[in-house]
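Reading through the structure tokens given below for one structure.
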Amino acid sequence: MNSMNNVTTIKELVTKKITVLKEEVIDQYQVSFEVKKDDVHHLLSVLKQAGWRQLSYLSAVDWIEDNEFELVYIVFNWEKPVHIQIRCRIDRNAPTMDTILPIYPGAKYYEREAHEFFGIAFPGNDSHEKQLILENWDDIPPLRKDFDPKAYSDARFPKREYSNDHVEMNGQKESKQAKREERRTHILDLIKGGKK
Amino acid sequence: MMINILIGFGVALFGFVLQTSLGGINRKIIGRLQKRYGPKWYQEFLDIFKLLSKRAISHGWLFDFGVIMALGGIIATATFMPVTNSIVAFPNYDNFFIFVYLIAVGMLGMAMSASGSGNPYASIGVMRALTTMLAYEVPFMIVILTIIKLTGTSSITGIAEFQQLAGNNWFMIALPLGFIVSFMALMGMLGKKPFETYIAPAEIASGPMVEYGGKQLGMLFIMHEITVFIEVSLFVHLFLGGAENILIFLLKYAAVYTLVNLISNVYGRFKIDQVVKFFYKWPLLLAIVQAVIAVYLGWVI
Amino acid sequence: MKSTKFSELTQEQIDRKWWEIGDFFRRNSLWMLMYCTGCCAIELPPAMTSAYDMERLGMGPMATPRQADVLLVTGYLSLKTLRRLIYTYEQMSEPKYIVGFGSCTINGGIYHDSHAVINQLDRYIPVDVYVAGCMPNTESVMNGFVDLMTLIKNKQANGWIKYKENNDWYKQNQKEALGEVKIKDEFHE
Amino acid sequence: MRKLKLFLGPQHPGMHGNAAIHMYVEGDIIKKSYLLPGMLHRGFEKGMERHSFVNNISLIPRVCVVEPDINELAFAMAVEKLADLKVPERAEWIRMIIMELARISIHLMAYGGLGGPTGNYTLMYHAHADRNTILGFFERITGHRVYHQYIVPGGVRKDLPNDGIEADILDFLTDLENRYDEYRDLGIENPTLLARIKDTILLPEEVVWELGVTGIGMRSAVNKPYDIRKKMPYCKYDEVEFNVPVSNYSDARSRVDLKLKEVVQSIRIIRQCIDKMPEGKVRVPIAQGQSMRWTVPKGHVYSVVESSRGEFGYYMVSNGGTHPYRVGVRGASYPQGLLGIEKYMPGTRIDDAALWVDTMGVCSPEIDR
């Protein structure tokens, strides 16, 4: 199959140049490479020259148990339609990653957003520290796993108090089942002619 | 004198009522064209009185004074307006140039007040309104001067009577090119769609009116209705042969205003530079050609 | 003594009569502000255009807050929007009304646990009519507007008076949620 | 000349979403501009981590308000890839019908939206009237007008109703096709509108590659059928015939023109779908009644669909639990909305700012999330 060929050529292209920690073929249109932090820029520029000219997505995943952030770069080539995920782990305590702006200028706002939601610094991208989506944010970056939005919301935004509870919890009031049963027996009684 | 002034105010009131109800009816007609039911015919009255019933916010005395000046100037202009040949408040003063100068007072008041609000969108809107005015005035004036040259008078009733005396030979037919030019100019004056540039809600958030609300906006709406009345009835008198009685006036007035609305309904709006370029291209050329044909060659039907 | 009291009373009555006449005009010509704060705004175009045609009730979109009578809070309010909404509401000329759309304005709705969305709109600005649902049908949107008209007729749509009388309470709540209400947003540059 | 700072939005009739453009103007020319996003931020990505895979079905359509179905499909495809679910064939065809109906409705809305900045409101009313008919079809099929929650992992929620909906859809499409020329005359063939949209708001090819613009913006500039539906077909797009309209000169007019041409192609696709649709099941049961305990195997996947504005993707990470570990949304209008406005809006006039946003297809909810 033609599109499977694409995947194999990519594999050859990538493994020839860079040591890949882990590779995965998700399906015929998608492959994933996990590489070392220092290799990302090299790999991205190799891929860009090979035709993967579009940066589709850039974000991070918070692996709090490993105490690491995982950065994900997804690039795409319209001629050989394969999405390539490039993932690398960085330290969670002082997360920094050099910007990829020289390679993909479109990454500017993705990096700014990653800084806002994860607190990852991107030296080289001079606007990465400005606020983008949040305003006057005063807590830890909200997409980190140790941030609890429910607690934040409870503390900041009071909930509406309802004077009577319209949600029937099981057990406290008679259940719908019992009511239905009662109605049924009542109707049966009527049919039988119990009340006269 | 007193009675003349009373008739003058009567004309202004008549113009307001006429234009407001016709505006509502036109909104309904346009609603039908847009596949919907449309508002009530008296919706414009409700809107204006609602605005007058609201509380006002002031942005300084210039802002308030400008609105009053605009409304006063326009009412003063309307008092000079002949409705039919016989209903004229000041019979010898219904000169065309009086309207040109008095309308400027109203416009100036509005421009002053809008700039006094301090909103940048308002000043952009005022600038655009003045630019549009500069654009349509030139071809329009050439056509009007042709008419004045032909009739030998600049009195509105005089021009209307001239047309009626010539066997209802309206200037609409006698000066076809001039009619087309001044119809475009009328659409520019009324701020109808291809030339709606100075209102342009999606660009500059309704331009000069951006800071108005409540009573001031209500007054500006009244002013706008009377301005439309003045401009459309000027057009009726100059090109459609005026009116012998009030029924004919209403008919002609409604026809012109509805036509303007129908045309503007299917158009988008130009940018301000396109408005200027447009008016300085074909209408100006047509107006000059018309003037040459009519005045020097004398080819008037 | 008696006569002055009598005349005062008539003045009040006259004012009330005027207010009632004003109410007639106000409820028949509600101009709404074109501000799409959230996702329920997607049901406004059908309400405005041919299918339901809001204009037959005298309602129409207006460009700026000064000109508008009704503020439609269409859906969830993130903190950033709430700040702008307060600016907008305070710019509108009185009498002014607010219609809250969707469950999100009532109790947070589907975003009740979000870090960015407030839960209860009427703590920050007064609301006259709520339209429930996520998202409310166009029929219920139109019904909400008719309800607002009835409320104006019955003199119950007085949220703007409440906002003036309890201004301290509202300001306090706004401050709790937003920190400083009026900020300069130059820091985004 | 005095430099003014102007705010286009958030409360401005020219902005269609809740976002603001701050611009510095000299005369009528914009010298500097940037988007102020975030007014529709709801913390979606965090919210999805807090809901189970099944509960997320009701949350996801709300990411992009004007076009909810692409979210449902992208999410469902991501979960299906992770959990290795095989979707019944009929469900794939029904999904395609829904997607293409949604595409027609969003293109009509965008085309009518052209009437806003240019002032041709008649166009807007007509387009919205037709869009409302499509919303009516959605209500009959799914029970909801806007947020359908219809495309779920494993198929679609229920079968098409048995009241002749196919015939009604075909009738409507024929009607729409008959009025296609009328639409063009009212909109992009209209001389006053042409003056506004022709040769303005250019998007050259190198800018497309620099920003990463996809969808109609890209296809109008590079003259190649770069469409996800063609390049990496999902559903049954490889079994239907359709063209991808392209052009090599991207101004506002050609982008709107492509939208209208895509409507024609969508009509073609829906006709084929209704023709070829087999009978059968529409859903594989996923959780067997235990929706809170249904786990999805470990993995990470990026699933894309072609939205009306371009490539719309979900990046999903599962750690083998009941909840997704991380969901990232790639909004289709992210590149042109943020970087595009900052870099390429300066130089245009204030008149064109609203038109810029409109024809580039900037959808603020998917930028903010």
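Brief remarks follow.
Each chain gets a letter, A, B, C and D, in the order it is written, and its residues are counted from 1.
Rule of thumb we're sticking to: a residue touches a chain if its C-beta (ideal position, glycine included) is under 8 Å from a C-beta of that chain, and two chains touch if they have at least 3 such contacts.
The structure presented is a predicted model; accordingly, all values stated were derived computationally and were not measured.
Here D is the chain whose Cα centre lies closest to the centre of all protein Cα atoms.
In this assembly, the chain whose C-alpha centre lies farthest from subunit B is A. Per-chain CA centroids place subunit B at a distance of 36 Å from subunit C.
The centroid of the Cα atoms in subunit C and the matching centroid in subunit D are 31 Å apart. For the pair subunit B and subunit D, the distance between C-alpha centroids works out to 44 Å.
Measuring from the averaged C-alpha position of subunit A to that of subunit D gives a distance of 20 Å.
For subunit C, residues touching at least two other chains, in rising order: 49-50, 63-65, 80, 113-117, 185, 188-189.
Annotation for subunit A: residues touching 2 or more other chains are 132, 134-135, 142, 147, 149-150. Residues of subunit D in contact with two or more other chains: 12-13, 38, 41, 43, 46-47, 50, 125-126, 129, 368. Subunit C makes touch with subunit B in their complex at residues 21-22, 25-26, 28-29, 31, 49-50, 53, 55-56, 58, 60, 63-69, 92-95. Residue ranges on subunit D touching subunit C, taken from their complex, read 10-13, 16-18, 22, 34, 36, 38-43, 46-47, 50, 58-59, 62, 65-66, 109, 124-126, 128-129, 131-132, 135, 145-147, 365, 368.
Every residue of subunit D that touches subunit A in the complex is listed here, in rising order: 37-38, 41, 43, 45-47, 50, 81, 209-212, 214, 224, 226, 231-232, 299-302, 304, 311, 313, 315, 317, 325-326, 328, 330, 334-335, 338-339, 368. Subunit B contributes residues 33-36, 120-121, 124, 193-194, 196-197, 200-206, 265-272, 274 to its touches with subunit D in the complex. Every residue of subunit B that touches subunit C in the complex is listed here, in rising order: 27, 31, 34-40, 43, 46-47, 49-50, 53-57, 201, 205-206, 209-214, 217.
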